[in-house]
């Protein structure tokens, strides 16, 4: 590492000289009232200062390569949840239960890639990560990912579905924690944190700032779900029927509408 | 091509949004600002062209924070929001429906979204219970100075028992039930614009506009955490002020009439000097408070300083100086080097007295 | 603002330099003040980002939070701050003096003084105190034991700052504005760099030139607690990313140092300027109050006192309001009696007048209302050219004897007749010197340095039904200590 | 439904209040009373009703003048009643109080506590302890700061709070934002704090006996938008006559307009001035002088009397304006005072120096609705407003950037709106000087 430091010092000296030079040029330009030059010099100054900062620092190590492919980690999380889910939640669940390390940015183009793959060779894969469909227009619902093998009604999003799906996912997370503890393992603290956070938004699911109890969450979420279930199921069923009739095999998975890909 | 288009030049007009409309009430006495806004001129670019870039901006950290808080409140089918509404307004458990109007089947065209907004809200208003509770990203429309402006509200409209509320999500903190009064006031002014536009929509659909409540649901982070909390904010006073400001926009014609023929503020074809002369033909009403809110403020301040205007000392100082407009005049009256006009007799007498006791005390 | 300060501002514009609005220094300046310049992360309520702090102008301590969104790093920062501040604060607790009073008591001979750049610095200090004083060293989210102690002291100092005339925690721009009128607006005076540029422009520059130059965020970064948005976007964001990848805070430190050091220099320049002013007569008495409160807080904390609650109950709010009003009334009066330049503000408002005594009826005796025996009530006639706007019966005080009560008897053109009501000794005629003499120049004002009396209020547990009944006494809870801080 | 006469409406309201106060389940009853709605009469009636049934009672008012007025009226109405007037050391009680044989005055509570009714200012009551009264009446409760009530609330079991919600709010010279939003914010009025912390019945007196038919609708709409009231008299019941015809000059034209319509706006040319604008000051003093010179006679539902100096008041916003107007030569006996000190008082004719006259910018102080409300609701016959032109523009140009605190009930009306409403009305009565 010796030579590197030496090199860095030389580089630092040069940069410092340049910074000092730029500062005096800015002062001069300012005194002359040449605002345009001041602005461009300032930008240059900031760039140089950053370069100086960077020169002071060693290069960051590259992140470790993932063990499972991203789409499989997503599938894992979605299978646990059983309902169309937004990227952020998928990431959180993956981390809490599967020691996953995907980031939301890795999920942004996932649906588009899956669609491309499906169009090229339909049903070549055992499952596709696909869209949820809005009940009224059967267009892809913004930001949600689903699994192609699920029954169509569960991929439909009606007005009550976001709430119903939230309650369902809370229930399934609680059930999974109970499965783990039942099997003698314990869920991670982040799994409990996630459950507690969700429970705080379900009436009667948790007391104050306590950690949520899975059984209590299941009971409370079930109670509220019972209120919405029927109308939500009706809406979804009706829309699913329409989708079966009106959509082709691609749009049934990835949604109808003008800008399918863009809204992914 | 209207005179306002001529003023703006070839650049496309800036869109109004709730913030710019709310800003109409910030310094309504300023002709310069009124005209630039009415013509849809980019004040930021204009000020930069004139050599006085705006003295403020927004930190990327603040922007990120605002976005992530907004996402948090709406996450999981608005789970946080439903909790808050159930708690503060007694929303019943069964009312949990959520419609997103940020696009219509993937189409985010303004007209399409606005039509959908109207349809959904009308249905909710006429069909009664169960016909919709939360409406995210409604696209509203408002008549401003004679033309229709689309408003892209970062809000949710919300119905409870036939009354509609605006939900405003802001990322400033509510600590021990108090929040920064300046930021709350700004939020109230902006929300008032949405309430106003929503009421206009109701009226045009033949619905009672009073079904849109003047109580806005303000959602903010509580204390030092990210946990959202809701407070009801009564915006009746802001609505009254907005109503009056909108009705006064017609005075633009009066300002235009006083302008030299053919004048333009176009910054693409004019040099900074030329543009600066042109802008100066419209009077500004500079006050130091402008520095926090108007992109043109540094230009206007320099103008006030060059002319020795008492405006640069602040509104209170100006009032204390009995309305004398220039600093040299005030000091001239004080030391007697300038004789007072009849309407300056009183302030001159006071200033002479002030000068005498001030000089004695400093000595 | 009065017409006096408006005039002084106009004069500043004309002369190109700030003009005095005080002839003496009205704040206490410690021999070893601690300068504290905190910065916060934009968009967050109270996420500390950095601070430059210390008592030695040549040796500031830079503290930073390399990733301000990380709660553990924030508390590590607070622990570090405690490491600087607590030894300073506690160093004053040991040395005391005995105060001669009805019941003599011990008072710290000196007390800590914290100087922050502006009003925002005080508000942020208060928030830092609020966000740390309920923390605990044990339980689910433990912090370093010094953090809640620091929180208690920051809260104490921030609450002292609400009292007029306290010098325990002082915003520099406000102190400067108390002594100088610049040629810019009061709003712009909240910028320490431009304000100082008007007061003491660098050689070769006048005030307005220097102030304009000092608006450049590159040479004079904001004095906090907010940082400049361009700095955030172009420098800080980058540096924080570098920390996340490298785990080395060096870049963040360097970036923040550039933002803080110019203000550090300005703060000590301001201290030097203020030291040049002679101290006003009553500064010492007010500082004694600060020392009293400091002594009490030290004792309270030594007894394991709870952190102060989040809000005042009905009774404590009423008591505080009365105390704040009394402190302000006293301070306003003391300042005017200490400083003829401050008194001009009251003279021009017609609430005070200055003039020559032209007649004295020293032997006058009357039976005062409600009394049965005659008592000396001398009359003094003063000729003044001030625009007196007081009416008969108004109570006045004067700097010649601030305790003496006088009242206006009559005003006719430029002649004001006042009656002296007390402080004339026990004899049947006034004691020598207790009544002004003909030819003396005197100044009387409708100002009461005594601060009035605090109304008698019930104790907290006796809060009546009208005010919601007795509140539950404040006991810190786990919930307070665990309050999420993300 | 048959419309009630003003007398019936007022009697019904009083009966309901007394029933609620003496027989209801609440510890407190709030009565909102618009200007001149018979607040004092209500207090006297409530006091005598309680006293007649053998109950002991304490009365709280805010200033010595209010206490003396109440004592005088109470003693006149019920000469047999034993009344204790408690006052501070060194205060000389005026003869209008001491002339009543039933009144005992003292600065010591033990000298007066045996009286059936004990009456004092809130400040004096704060020094009374270890005694309680079953009943209390708190007068001018909207002027009373919440912390003052806190100091005396332990003295009574049940209380009637009477006051005018449209007048000036209590204020403090210190920054009180720290308590903003708290239900017990010490800066609120006594009524606000009891109302927020207790579920108490609120009654309203529906008729103004002071304000003429020409003024009640405007004052009601501009300042009491959610608590409307009406005038107890019809237009024909009140008449203001000027004995001499006057000259065709501005002052006389203004007086003519005021006499004919009950309102006049004496408008001076638009100009920014210092607070003690000499022309405006001169106009205030001059109009008052001319009014006396022209021999104004007031005819009302009770009698016909000349408008003597004690029936005229000049009101303004600041003390220095009061001083300037007094110095400008106002005939002896005419009241000149600030809005704060005119609260609760009544005259035949008032002359008002508009708080916004000659200003370039308005501050919250000058816009406060309570200030304008007090100034424009003191008269039985006519109100003359003196102002420079340009107030409409000032209001239009006023930036609405005020601070908003969470959980603080919005105060209605907003000063800005109230000012607009009054100005719009006055523009129909404008006389240009």
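Going by the order they are written in, the chains are A, B, C and D; count residues from 1 in each one.
We adopt the following convention: a residue touches a chain if its C-beta (ideal position, glycine included) is under 8 Å from a C-beta of that chain, and two chains touch if they have at least 3 such contacts.
As the structure is a computational prediction, the values presented were derived from the model and not from experiment.
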Open item on the list: With contacts counted as defined, which of the two, B-C or A-B, has more C-beta pairs across the interface?
Closed with: B-C
Task: Chain located farthest away, centre of chain C as origin (C-alpha) - done: A
Open item on the list: Centroid from C-alpha atoms only, then distance chain A to chain B, rounded to Å. What do you get?
Closed with: 34
Open item on the list: Taking the mean of the C-alpha atoms as each chain's centre, how many Å separate chain A from chain D?
Closed with: 63
Open item on the list: Rounded to a whole Å, what is the gap between the Cα centroids of chain A and chain C?
Closed with: 50
Open item on the list: Two-or-more-chain contact residues of chain A, please, as numbers and ranges.
Closed with: none
Task: Numbers and ranges of chain D residues touching at least 2 other chains - done: none
- [ ] Any chance you could list the residues of chain B touching two or more other chains?
- [x] 177, 289, 318, 350
Open item on the list: Can you work out from the touch definition every pair of chains that touches here?
Closed with: A-B, A-C, B-C, B-D, C-D
Task: chain C residues within the chain D interface of the complex - done: 162, 164, 311-315, 317-318, 321-322, 324-325, 328-329, 349-350, 368-371, 389, 391, 455-458, 462-468
Open item on the list: Quick check: in the complex, which residue numbers of chain B touch chain D?
Closed with: 25-29, 174, 177-179, 181-182, 184-185, 188-189, 218, 231, 233-234, 236-238, 240-241, 244, 248, 285, 289, 293, 315, 318-319, 322-323, 343, 345-347, 350
Open item on the list: Give the list of chain B residues in touch with chain A in this complex.
Closed with: 51, 71, 75-80, 82-83, 86, 93-94, 96-100, 102-107, 130, 132-133
TODO: Spell out the residues on chain A that touch chain B in their complex, using ranges where they run on.
DONE: 33, 35, 86, 88-89, 134, 137-140, 142, 159-166, 169, 198, 200-203, 224, 227-228, 231, 255-260, 262-263
TODO: Sort out for me which residues of chain C touch chain A in the complex.
DONE: 216, 218, 234-235, 238-239, 242, 245-246, 248, 250-251, 254-255, 478-479, 482
